[in-house]
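Look for chain A in each of the two complexes below; its partner is chain B in the first and chain C in the second.
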Partner chain A sequence: MNEMMRQSLPDYQIQTPDPWAALPVNAESREKLWSKSRTFVGDVWFRFRSKFTSIFGFILIVLVLLFALVGPYFATFTYSEQNLDFVNTPPVFRAINCSGGYFYITDKLKVLEIDAQGHLVGKVESIAEDYEKKQVTLSYQGGEIIMDYSQSPYTMLDENGERIEEAKHIWNRTYLLGSDNLGRDMLARLMFGARVSLLVAVVAALTNLVIGVLFGSISAYCGGMVDAVMMRIVDVINTVPLTLYVILIMVVLDAGLLSIILALGTVYWVNMARVVRGEILSLKERDFVLASRTLGSSTATILFRHLIPNAMGPILVTLTMLIPSAIFMEAFLSFIGLGLTAPLASLGTMCNDALATLRTSPYQLFEPALLICILMFGFNFVGDGLRDALDPKLKK
Partner chain B sequence: MKKLSFFLLLLILVFSLVLAGCGPTESETQGPEQSEQSGEEAAAPAEDGAAEQSIIFALHNIPNTIDPGITSETYASPILYNAFEGLITYDAENNIIPGNAESWEISEDGLTYTFHLREGLKWSDGSALTANDYLYSWLRVITPETGSLYADQLLPYVVNAQEFYDGTVSAEEVGIQAPDEQTLIVTLKNPTPFFLGLLATYTFYPVQQATVEANGDQWTLSADTYICNGPFKVTEINFNESYVYEKNEHYWNAENVKLEHLTFVFIADQSTALSAFETGEIDGFWEVPSDDLPRLRAESDELVTVASFGTTYHLMNTAVAPFDNMLVRKAFNLAINRQSLIEDVLGTNDPPAYSIVSPGYMVNGVDVTEGRSSYGMSPTGDAEAAQAALAEAGYPNGEGFPVITYYYSTDEVYKKTTEALANMLETTLNIQIELKTADWAVFYEDVQAGEYQIAQMGWGGDYLHPMTFLPLFVTDGVNNYTGYSNPAYDDLVAQLQVCTDQSKEPELIRAAEDTLMADYPFLPLFHRSYSYMMSKDVEGYFRTPLNNLYFREAYVVE
Partner chain C sequence: MEKQYMLEVKNLVKHFPVSGNKHAVVHAVEDVSFRVEKGKIFGLVGESGCGKSTCARTIIRIYQPTAGNIIVDGEDVSYKKNRELQALRRKMQMIFQDPYASLNARMTVHDIIAEPLRAHKVASSRQEVSERVYDMLDKVGLSHEHANRYAHEFSGGQRQRIGVARALVIEPEIVICDEPISALDVSIQAQVVNLLKDFQYERGLTYLFIAHDLSMVRYVSDEIGVMYLGQLVEICAAAEIYEHPLHPYTKGLLAAIPIPVPKLARQKVVSSIEGDIPSPISPPPGCHFHTRCPYAKPICREQEPELRDMGGGHQVACHLY
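Let's look at the complex of A and B:
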């Protein structure tokens, strides 16, 4: 885009009484830009925001960012705080009112006392268990209450020994999204997990930008033998499966976030390098590059001042598309056990931990899976919107 | 990559939608209905005539080999225990009873065992089975070329076995002799009171020389060449799918085998196996998913939980700081809330452990572990005493205590256990613990090399005698990974090793354990129990605390 054209000219007012009369023809009207002139960034932003899904995706990402970065300051628990009395408590209790208190019966047949608002009070101590009748006697406020698990749903017995069939659904106020299999707050762990996922996103973005763009552009601009060798290196890196690569890295380093970041950092830029190379290959044949070279610009100047800025469109698009796949890669690696060390949590490890309790506490898998979905949607929508906004051929 | 992630994303979406569909109320009401249904379905075929004598049992892991002389895998055991029979076997009450051997004599000094085989023993192909087959099979185990993984079941005990393995003596000099077709004489280096029990292990099963020599290591791969001598014979081997058994009419006690067909199918995922069980596709399976245990305990009368002769404990490396200090080890032992670990984290009913020997070995009708001290530990842990011990060790309130690395092998249950324990120790003792994990192979190598501070471990008994546990902590023992060394303890274990008078054993065992636990060289957690599901219609089968599952007396009722 020519700098000249960007300068806005004074508005030209049509002031002839007859709307159908011919316009005065003069030098000014010939050069007049009739549509409103915008800067490059403004133009992209205009087209980006005119698409609903892009804005929606952008808002999703901002919300997840707030959730992950600001959320922990408002949380009651830390991500590693365990309370073994309250393992696997769901977000919504099926509470039974008995002897003046509310009780929730866990999947491990323990009885938890909750208050009317849904705060967990404590575990009710059991005194005796009758295996024949399938009943447990518990001590509560000096008296005794009986839990009956002879038939489902498990419930408490009232004073006459009758099953209390009535149950009230109360939201869990202590652990808003429930607790996991070690009694840790799911909400706090989700916040922490989202942090890890976003950190991976940032690392992936940085390595893509720095290594991928530089590697690709140098390879393309130099061409010839240099190009051939550099691209074969990319091919070699691309043929080693990332999973194998992470395992190899873990032999040297210990398992953990560092290994994953290192693995992603060292190999995750190859796609970007290819995209940039393709773009620069066509750009470097253009006249403005020839002009710059004729004027004696150095290779670095040509690369950084002319070629890379002109390839920014495809770079940004590839970036937003690669970020979700990096997040997913981390989730996948953690999921198969190559990721973080406990008790650190990422969305992937949370999914993995939840598999064992899938039949009894499905919410433990559902919540991190949902957050991964939201993140993926967000980045994919933004990437989609950016691609359209940056593509001059789609300009309306 | 993009395509893959999109596919996975789709999968997760579909998955989460499915999950969103089943709220807690729905699954609660589904439970009993399902199990009633399965009961009806399972009973249905029986109604049109007498019950079919056929059992399908699901296993979750495919063994590498089912060669009894070579394997050491637990996964192979049900396949082997029902296809073969050794000199002795166990009955439902864990008593040693005659198997292929009709009777035996043990010499005064406890060194020479003379076995008299039954008359007319036959292989499943109808050929005669003699003492020479046993001689061949046992020598095969201690021949290095066989590559037996369990050769150490024989090597330390039998005269010249190790020398034969090393190639310094000939086969004739090994302490296994077959003077005639019905007699087998075994000479031991030391009186080994548990040697008879050892003989029930599959390593001591006979294999047929003809088929092994004709087919080499392929003999276990096809039903035609898999010649056995037990209550059942193999009729079909479907790789990665199933082993199909039929009653072996050549078994010496065939008239008392009621079951006609027995099938072991492989179902890798335990949740799938549970579903298959609930719909009546299979009659039983083991390794019940632990998170389903409480539900099944409440709703199903087909869940069986039996004590297993094993102890789960964690190791403390007594050779490195700070665990070279007994008081630190004591503090760790006292700080742990074992009851919470067992009930809340693992969801089992296992008894908490305060020492190494698992209950189960009886002398004169009394369990040797009965009345054993808890060595200052309590089920729920004693925070004050633990803090006091740590203060006495020079770390009041955990001050100055180094950051500890807790090592475990990658596995969901181990992870859960280790995370919970680390948190208990951190909060009670005010110290810092880092977790570290590695694949079992790497982990085990590191532990054997002593490159750890605390590490997860456990031991399942090989034979029903405390001597399967006690050598774990003798100085420089092959399985002593803690670097622990105490001459007094070594001496007591050595005495037990040669003790032929069973009535003296309880006293020695107690003394050994007391000596051991005075030093707290490890972190006992719980004695194992084992859960499995078996249809109500199946009776007569039994399982020993060593996890041997015998179907030879099983039958199906209406």
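Let's look at the complex of A and C:
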């Protein structure tokens, strides 16, 4: 029995015959740290990684980033290229096979020719229109074909003058996600819109990190009058609604991305400043900060090496919560017409443009709305995951 | 030869405002005076909440004193502005009570110990900083591998040694030890105390050593001050206080020390002090201790006793003498 125990504990090299005798005290093993050394970032990443939703959100954001930044290099069209022949083409055609070709009839009663793969070939010219019979005669490859719009769904007539009822659904290969009401590629515009949203996210993050964190921490660390004055400034900024602010800025500058970014940049850090202030107020009374003061460290050292790194948890969480709301803010402002001007696209302006043709081309609203949702989901999942990962109470 | 004093505290007062009540204040330190000779250890003892930490923090100027003077090595530092305190910060360092709260969890041990060197720009190069940090790690018995670890990975005793290393790396002349061992295991306490004693022996340091009971300080200190509710009630040589305690509170503190010999323990005459420490917001009139004193007389309720010399530097504030 004793032999067995000794063999299972080879590290301790028991030499005494008595199994209950005290082991020799070894100063080295007493001082040794057994835990694996992990930095703060490593620790947070480890806990972040172990949660499915946060990784899912992270992947969503990375995908949107790739879509916005790399996507345009693979796209056929630019966001502003328009072709008035191909307006409002949907992602999936209802194609009618007639005289050896495939045709798609738009809601404006135009007939577009497509090939069997789904590429748009061109517009079919009309020759004559019979208003009584509700038929249009078009010229096609030297011959004539007739389109009938007396009944819904509109269709073509075959050689015998019969309506061709059967239709084939073909994917739009020219405009993968369809085209908008000016014949621009939705895909290219979505990529551009996502770029705008991510730019807004970056601007919001930077202003929050730089202005918000500095403002909040200086206010809290200095305390007294400085704190009172700085917080009143925050209160004032907070009472002016952002939309009013954007309108005022647009009076001075032109409407567009710059004024939105300027508006977000000047006022969007107030929440962060409040959060940071609260956090630093409690941190600055902690022993390690007092210790740093007795060591003779400068205010800058105390702020940047002690206070802000220790407030990093709440800062990151607030940041990931503020970014989606900034993205949404930009989309909203653009939607109500305070944002980008044509031909620039943002997800908000795309939604607004889609309203006019909502009934006939609902995909034009659906696609940018879906992208906004994906962005929101991504950032909120990451925010949630970070909050859990940073919560030291959950530390295993 | 005239005695040289490293630290002189004269009538030090520190009040804290009470939130929500403009007229009330916390009388954390009430008229405290003592002197510490160069190269000696002064022990400051008192129950939890009697104002020891506040006293220490006011002396090192984390807090602004309400009244009184603090003279460090002949220089009055009591009302200097933060900017002018750099010289004091080099001369005087502090070891904190809580080894867990006093180290920044986001910094490596190397950076923690290097912080005072960088703050006072005493090392000319990065390399010199590292050399001095490693040298200090050796002295406090930590290995060089520990330098790149984060503070939260260490045990309490190890952390407190990091705290000692940080305080002593810029070679201060006086160190305030605010209960450096009270948060540690008994087995580790001696380790840290011996470390502090070694440094004192080597460098001729002056210590202000704070503790909440007499069991360890009387072996460490040259002189002991007993504090009760913000006031010093007795100051006396360490050897003397065990033999001839005068103030009833000191007697009570001594009685609270566990006696390892059962026979002696049964013969214990003075019982421990009973009752709770009164609120420092409204301390009792007269002698602050009269509410718990077994020998209280009518005069104790009315008149505040002064600290008087009973001969041989043994001072006591009590109406019994």
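Just so it is clear, the second predicted complex is superposed on the first by the 359 of 396 C-alpha atoms of A that agree within 3 Å, B and C clash if a C-alpha of one lies under 4 Å from a C-alpha of the other, contacts with A are read in each partner's own complex, and residues count from 1 in each chain.
Note that a residue touches a chain if its C-beta (ideal position, glycine included) is under 8 Å from a C-beta of that chain, and two chains touch if they have at least 3 such contacts.
Please read these numbers as outputs of a predicted model, since none were measured by experiment.
Undergrad: If you stack the two complexes on chain A, which partner ends up touching A:Ser298: first (chain B), second (chain C), both, or neither?
TA: second
Undergrad: Touch check for A:Thr266: first (chain B), second (chain C), both, or neither?
TA: It touches nothing on chain B or chain C.
Undergrad: When both complexes are superposed, which of chain B and chain C contacts more residues belonging to chain A?
TA: Tallying touched residues of chain A, the top partner is B.
Undergrad: After the superposition on A, what does A:Thr243 contact: first (chain B), second (chain C), both or neither?
TA: neither
Undergrad: So, A:Ser126: does it touch chain B (first), chain C (second), both, or neither?
TA: neither
Undergrad: Counting only touches as set out at the top, which of chain B and chain C does A:Phe40 meet: first, second, both, neither?
TA: second
Undergrad: Looking at A:Phe288, would you say it contacts chain B, chain C, both, or neither? Reply first, second, both or neither.
TA: Touch partner of A:Phe288: chain C, not chain B.
Undergrad: Tell me the contact category for A:Pro343 with respect to chain B and chain C: first, second, both or neither.
TA: A:Pro343: touches chain B, not chain C.
Undergrad: Under the contact rule defined above, give the chain A residues that sit at the interface with chain B and also at the interface with chain C.
TA: No residue sits in both footprints.
Undergrad: Under the stated contact criterion, what part of chain B meets chain A in this complex?
TA: By the definition above, chain B touches chain A via 1-2, 5, 8-9, 12-13, 15-16, 19-20, 22, 24-25, 27-29, 31-32, 271, 289-292, 294-295, 297-299, 337, 340-341, 343-345, 347, 410, 412, 415-416, 418-420, 422-423, 434-438.
Undergrad: Tell me, which parts of chain C touch chain A in their complex?
TA: Those in contact with chain A are residues 57, 60, 62, 85-86, 89-90, 92-94, 96-98, 101-107, 111, 115-116, 118-120, 141-143, 146, 148-150, 153-154, 158, 163, 166.
Undergrad: Looking at the complex, which residues from chain A come into contact with chain B?
TA: 80, 82, 84-85, 87, 90, 92, 94, 107-110, 134, 149-154, 181-183, 254-255, 271, 321, 324-325, 328-329, 332, 337, 341-343, 352-353, 355-360, 362, 365-366, 369-370, 372-373, 376
Undergrad: Please name which positions on chain A make contact with chain C in the complex.
TA: Against chain C, the touching part of chain A is residues 27, 31, 33, 35, 37, 39-40, 286-288, 290-298, 301, 305-306, 309-310, 312.
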